[in-house]
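Take a look at the following structure, please.
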């Protein structure tokens, strides 16, 4: 029996790589991102720490790209590989712009990661979560969401549609695949994530940015919950956040 | 100054035609649906009753079709025509099917009316709602929604994404265009609508289907609210509905 | 058959009196408030306009006071009087204060209007809404709520408990009495209400306060909905409100 | 510096005792319940396992009883004792009964644990969570909630008011005490909890009852979150639950 794997889409610096590092403590991890160059340092880092990681450049919004990635995974891990955890962490495009100034391409294009991407990723990974041999913990599919999943905002209609949509998908899949033993969960990340890029933000208040390691710990905790006790929605925000 | 018009997308039998009849008591109405044949009887009926109606076959999911419709409207009502009320009532495709059995075409195609269509319609109509001369009531943009806007369900992930998405758009536009005096509202229709098609359903309980005339009355009521007192979300369901 | 009445608790200046005036166009109205002096001008005003109104000083948080009021109503309108509309508009006490500085008396006392009062009023009025002879519109019980029904806030824990509680009661009664033909509805009033007291507020933005007459019109609209098409929750806010 | 303690109200068999056992691995625990006899076996069990536990019979709905309990705690653990974790797990009375058949005593009495009790417990424990010396994890106040916190039901208006109220309190305190470094969280427990009492329920579906140990693990996980990454609401339900 091959060991089940974890697969993380949107494995760039920040949340994706922190999640990859956390799940690599237990599983071989497959990391998806558009470019090989953004995958390399994380794969290297995990491998150095004694974990097993492989990066597969993938455009999750393309069903053929996603299929080809799954083929590579089966070639590498065996045709009967199973998935212990699948994390959909691909960023929704954040376009803050007056509604009437957005072109159809801009608006509809911004929805693709959350709609086509989330659909392709879910369809590709769920079949490998239905194996009889389930490993120690129930197979887990987690979607990274945001406050915009609960509330629309001026100038952010596309972003809100993306995030509401991800939540709708997560809830529907939880209700469909929960009875089959798959744990589907949605995480509302509310606040600035503490990354290299956001270093300069919110410096005046200590600890006021979300620690990606703790997003990862929270996802890991969700993964360990037995099927008697599934959490389907969790929020994460700094103590100093207004909400 | 030309009289402002009302425009209804999804003007088939049922809710759309009831809304058209109601708004035709006050405004010339423009009715959009895919086929001329579904528009003709409603246009005829409104005209017979002394109202003014025109049907324009339109594929709202196509931005060029929507543009061409707006051109026809300007040709007919004048280039400075304004919109008093725009109702987006295009049905989201209701596909109840196991998630893993849906093809990408089926799943993503089912989202088009709610995403492309709602986007195209909103972008085309909102500019004509920002005129200084506002008529008696604030210009109003109403989206027909459903319970699936609030809750995902097994086998209905695409429908839930559609309806959550419409709600996200409605909330975002309400927050963006409210301060400009435009009333944007979302109606959660929860229950079977009483139409020719549903005649056989739920016959054992009297009055257990939603009356399309009362959806229309409710939309009209929303339209009459002054800008001091906007309602942004309303639910409608029969007294006998479980919810 | 005696004509059904409307009964409004919390009939002070502002929303209560506007609602009383609106329903007095169709029904004899009974107005409840703690003091006769706050009732007198409204009763006088309605009577002057050709309506029928009676004010009964009542402490709705006292079940004996509420019972005695119902006795007076039956004495005046006959033992088989029925209620067409009952509006619970008693203000929740708005105490904004650090949680640890609130005494039990202060905190728990502030909840009484929303808990004891709403309970007493609902128990007293619902039996008179179940008569076979229902009048033109379904009997209607409306609770005035607030944004605090949806979201807690710092320093406002008691107010939030009050408003969440009212919403819980409204939803539960809607589900229990809806199938019996009674329309129970909850209105989320979000913004400053335009009254004598708030004259000085928000003057720089025109129309930025909610018009009590339109709260009244909205309640009246809810009342007219047939049982095929009940609305259970409605929000009302000025176009300029952040939400 | 004395070691901080954990305090659990509603420490009967089931969730309360599982939570007590979990937190006893890290802290001396103080257990509150109405009767000494329901506390004794849990205290004994924890002590046997090498933990430190004390049971204090307390009526949390009485502010004097709660005060006296806090005095006993200070006598035992020192006047400068601090609280690492406070868990409010007192059951709301579950009265399913037609609304019009409930006496005021019954209805209002059923609300006391969730209103007076939660107020007294929060006011008594929060001051001991504001100490500078915070221990390893942020001090944590957790409220056990239920699905009825989100949705009213026929015949359950009092239960819904209780649970909506607890959620309102939790949200408000989270917003008030979060910025002071206290983690306030609300857990929606949706399903039958697997206890001695519920042994006979839902036996036909394996693992279809929530494991109290995993409620405890989830509460412990919440407690360990750093202030960069607080979760304010979590749901827990079996994979087989309809929701």
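The chains carry the letters A, B, C and D, assigned in the order they are written, with residues numbered from 1 in each.
Assume a contact is a pair of C-beta atoms (placed from the backbone, for glycine too) under 8 Å apart; a residue touches a chain by one contact, two chains touch by 3 or more.
Only a predicted model underlies this, so the values are computations on that prediction, with no experimental measurement involved.
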| item | value |
| --- | --- |
| Fitting subunit A to subunit B on CA atoms, where both chains share a sequence, rotation angle to nearest 5 degrees | 180 |
| Distance from the mean Cα position of subunit D to that of subunit C, given in whole angstrom | 34 |
| Subunit A-subunit C separation of Cα centroids, rounded to whole Å | 46 |
| Touching two or more other chains - residue numbers and ranges from subunit A | 175 |
| Arrangement of touching chains [line / ring / star / complete / other] | ring |
| Pairs of chains satisfying the touch condition | A-B, A-D, B-C, C-D |
| List of subunit D residues in touch with subunit A within their complex | 138, 175, 178-179, 181, 183, 194, 207-211, 214-215, 217-218, 221, 225-241, 243 |
| Residues of subunit D defined as touching subunit C within the complex | 63, 98-100, 102, 104, 107-108, 111, 115-116, 119-120, 122-123, 126-127, 148, 151-157, 160-161, 163-165, 167-177 |
